[in-house]
């Protein structure tokens, strides 16, 4: 019979144990560990990219109409999350953050929900009168002056955070339209048009990132 | 003379056992049993035999002091033994018949449902 | 009046000192030490030493489920009978010169009484109707068969050695084994008894069903075998029996091979100048303490250490191991004893 | 006193029974690692039991597939009272990435009352230890309530 | 010769059985009458023998009874004699008890068969045959009785001739039995040729010291002849076949009684007739054959998958114990051997009755098909367990008490004689015991525990008469186990003393002083001492066990042990279902032949060899008999 561990056993009997005495000795997660999600509603622009990319259907967005605008509630269900961090990667505003906190234990399912709320002002439509400028503190990102219509001007970034296209460079590849999380872009290859539905646009900048010609400015 | 009897009985017993051991037919096995039995009977009779002896029959008042009997006890034993031998044969043949009914054969190599 | 007192005394023997309470405490303690040390050898911290007590009390508070397929009476009575038999067995094993019930049993009787707890477990498992229990009891029975031969050889060797030394020719009784060792030193000091003692050490984990001979209770493959359907207090009692079995076998080893220490204790007490009942009491107390300590050492050597360095054997390997290696050792011992070494 | 002793012991000696309800094995591995020398849950009295009859805590991993559901429920019902059910990982709580599959009928809480959820995919061993510690507390409360 | 009334009891005890057999032939068609006659005759027979206990066992009288008062004439025993010493009475009591219980059992057990009248006739013939054999004082009468019992046993084996293998078993038994009978007859007449007498006592006086080739051959012939009746090793397949095929009540007699008659005859032969037991070679022969029987049969039993066949092999294994102990030629050995013989009758009877109960209710004894009967037949299970514990030597049942004495006596003999062969016999005996336990664990798991097959859902408990019979045996098992000192003092030690009292036996028959005057060597009478090297007090043990059990039970009930929940409603709640890894439980019985594969795997060569050897062909078994005869003859010719 082969007993390879005899020496080992005797040695270990008199040596210190290799246990991490966890509950007594608190332990930190490793760097880049993806633990509990922290959501910064103040950074969020309600683009919905995270919800689209979430494989576990862990993210829900609830929109309520209130008088200031839309009250948006983002809820991250940790009990459904795969902690793949795709949502954080995709979040252009870095509103989703994965922390090293692994302590996600609950007796009720509600305890495993992470949520945040902000109010988004309704977008300014061209014919619409200017809205009250006062926005709640929770949603500063949506604030800003109404955008002047300047379609004919040489292409330069708008100051309301929405994209403009430089038709001279654009090849109408439709990549931006496909990437747009809000579905606000429409590109017709044949007609060579690039139209932006400003009501839908949340100004996330995905289109600009995706553009191979870098002809979208934001 | 009497030695021949002993040899013959020994021969018969051995022949009987030989038959039992080597023959695969149930009826032959029964025959073997009978042969061995006859061998034993012959042995018993030979043991009781006294050369020149008369029949061991008492008649009251006629006992001759010089009378010379053959031993009566072996004869009694032989009778018993013959009766028993007949019983054995009858019983075993009855069993053979029944076995033939049930198994359809009287070959010992096939009458072996109980083994192991 | 004296009848009442002696009755109370015997009741005390049964319930408290070498009996139930002693077995309960020391058995579970041994089990705890075993678990702790195995953990140590595996570089773990391990459970607290009192963990078996917690386990036992917890199981007492759990619901006891009787499966619909089980025969209720046997299912519930088996653990009780097994435990009772073990406690009684412990009463017969001398603590050096002291036995609670002297002259009621000998080593052959012990050999057979040792079967009862295992049998209780087997019948309880069989009564539960579970196929896991069926596989488990098959393996348990094979383990018993495996251990039986070396144990028999060891006991015969001891009986022969003691008998030929005392001139009786043969002695199965514990009293004369203890007396012989008190007079002539422990049996393990004799050349012929060393292989037997080693064989006995190897038999201990097999009899108690410890690693690596625990094929019968393999949790991971057959759901603890015979105990698969047990829950609550009956399960706790089986676990307790298992712990007490460790005490029984180790103290049997002490009684068979290390009995000479008893005379040392008696001399020590005599040196202290005590006489009369106080000396007797002290001797017994010291003897008990020394026995418990020796039992702990033996448990560590034969159960914990072996547990830590081996992996579970298959059942046919267990059988092969016991009937070749261990039996061979015991046979050497028996032959040596036979020729008077 | 005896009752109190039992309640105390209940908290100190929880035995686990692990059910894999269609898990990807990630959580199973983590549960095993809880018992390895590194985390050594045995020092808290945890032990993996072979049969549900012995268990106090049932640990369920996996999104509860249609095939496994009756087995999971049967095994859980065979655990004697007081018992505690812990879902480990996100799958049994919601279905996680498997949600919506034709073969997944979870979450588990639709069928039985779940005592503790340990989130994570897979949870860290520390989190599992936390979750089990919480479960033992619940177990003790259940025992005391009896 | 005093003619106290009890002097007539032995012949009456035999004749009442034959008379019953005769009467049943006449009145057998009336159900009540035939039960009445059978019960009455066995009860009277038992009563007569019990009445003899006081004079024979306790006062040591040896009853010599001449038929028709034809006592010895001219120094020759001409008449037909019966001689009852403690040994005969001991075996007679065993026979009577077993027959009585079996008869009680038969009444309900055989109620579904036809031709029950013939059954009782043969039953009483068998009983009378064995009774006549053990009480006879005449070698030829022994032969007659052997033939009667062989005939009755063969006919009864084939009684249920539609059962599997019954005819075959009967035929094999008849053939090999007849070889044995032929040997006995040949041996008898060869002795007659040498000594001109058939009386046992006179032969015992004349033969020792006057051995020549003829007597040695006669001894070998008689030894083998009676070995076939005791079914020891080369003849064990017959026992297995016959026990397995016969109705259970008959198996009780074949195993508990018939084998004992063979043993009795071997004891008479070797201790009285030839008085050769003091020779180490003779002891070797008996111990060797005993150990072989013990071990081979117990391993054969482990491989069986029929309940009754398994019991049959165990029966021979236990006979091996008896033969080994008897072959030691020590007082302790003979006493323990007889004790074990008695216990064997009791527990093996009980086990066969339990097997019969299972057969009666379910129609099969196949271990692979049965299971879970304990829920349906709790009484039978309890009785079976008593029997199983007894045979496997679990304290405090009777098997342990006697086995314990057997071990002691063998090992003591080994140490005293310094012969290492006896040491191995001790080891074989001890290991056989645990193998016996293993195979009874197999039976209890396969038949009484485990899962209940669907087709036996409606099985019920056996009727009360059969339970009563089993209860009688079970009570006897426990009682004889609990009071070994009483049993040895009043039953086995007088019988063992009688074994060593050959001259007393001769003198009782032939007139005092005859033995001393005729015998060329003095009759063997070693110092009859009963040495025990160990201690065992079952009553105290049981008392302690009960107290401990009570204490533990009280603690257990106090400690929530009563929190037992069990299924109440008929539809299976999954909580009370068995754990099947979560699956719904299906019928899955672990049991039958291969339960101990872990053991058998290591010995697969041996087991397959044994399986091939027991081919079931009658020629092979006859060959074994002839070869055994040749070997034993050769051995005896060499050693004497």
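A, B, C, D and E label the chains in the order they appear, each numbered from 1.
As a working rule, contacts are C-beta pairs under 8 Å (C-beta built on N, C-alpha and C of every residue); 3 or more make two chains touch, one makes a residue touch a chain.
Quantities reported herein were computed from a predicted structural model and do not represent experimental measurements.
J.: For chain B and chain E, which third chains touch each of them?
T.: none
J.: Starting from the Cα centroid of chain A, hunt down the chain whose centroid lies farthest away.
T.: Looking at centroid distances, B is the chain farthest away.
J.: Chain with the smallest distance from its CA centroid to the overall CA centroid?
T.: Checking distances from each chain centre to the full centroid gives C.
J.: Once you find the CA centre of chain D and the CA centre of chain E, what distance in Å lies between them?
T.: The computed centroid separation for chain D versus chain E comes out at 58 Å.
J.: Would you kindly tell me how far, in whole Å, the mean C-alpha position of chain C lies from that of chain B?
T.: Spacing between the chain centres: roughly 63 Å.
J.: Just how far, in Å, is the C-alpha centre of chain B from the one of chain A?
T.: Chain centres of chain A and chain B, defined by C-alpha means, are spaced 110 Å apart.
J.: From the mean C-alpha coordinate of chain A to that of chain C, what's the distance rounded to whole Å?
T.: Each chain's C-alpha centroid was found; their separation is 66 Å.
J.: Name the residues of chain C that each touch 2 or more other chains.
T.: In chain C, 39, 42-45, 60-65, 132, 223, 228-229, 232 touch at least two other chains.
J.: Quick check: what residues of chain D touch more than one other chain, meaning two or more?
T.: 6, 37, 40, 43-44, 51, 53, 78
J.: For chain E, what residues touch not just one other chain but two or more?
T.: In chain E, 559-560, 573, 575, 577, 579, 581 touch at least two other chains.
J.: If two chains touch, include that pair; go through all of them.
T.: According to the stated criterion, the contacting chain pairs are A-C, A-D, B-E, C-D, C-E, D-E.
J.: Looking at the complex, which residues from chain C come into contact with chain D?
T.: 35, 39, 42-48, 51, 53-58, 60-65, 132, 218-220, 222-224, 227-232, 235
J.: Residue numbers of chain B touching chain E in their complex, please.
T.: It comes out as residues 13, 16-17, 20-24, 26, 29, 33, 36-37, 40, 43-44, 47, 71, 73-74, 77, 80-81, 84, 87-88, 91-92, 95-96, 98-99, 102-103, 108-109, 111-116.
J.: For the complex, give me every residue of chain E touching chain C.
T.: Touching chain C: residues 372, 374-375, 378, 381, 385, 393-395, 400, 404, 407-408, 411-412, 415-416, 420, 423, 426-427, 430-431, 434-435, 437-438, 441-442, 444-445, 448-452, 533-537, 540-541, 544-545, 547-549, 551-553, 556, 559-561, 563-567, 572-573, 575-581, 585, 588-591, 595-599, 601-602 of chain E.
J.: How about chain C: which of its residues touch chain E in the complex?
T.: For chain C paired with chain E, touching residues are 11, 14-15, 19-20, 60-69, 71-74, 76, 80-81, 83-85, 87-88, 91, 101, 103-109, 111-113, 115-116, 119, 122-123, 126-135, 137-139, 141-142, 144-146, 148-149, 152-153, 156, 159-160, 163-164, 168-173, 215, 223, 228-229, 232-234, 237, 314-316, 318-320, 323, 334, 338.
J.: Enumerate the contact residues on chain D facing chain A in the complex.
T.: Its residues touching chain A are 37-40, 43-44, 90, 93-97, 99-100, 109, 115-121, 123-127, 129-131, 133-134, 138.
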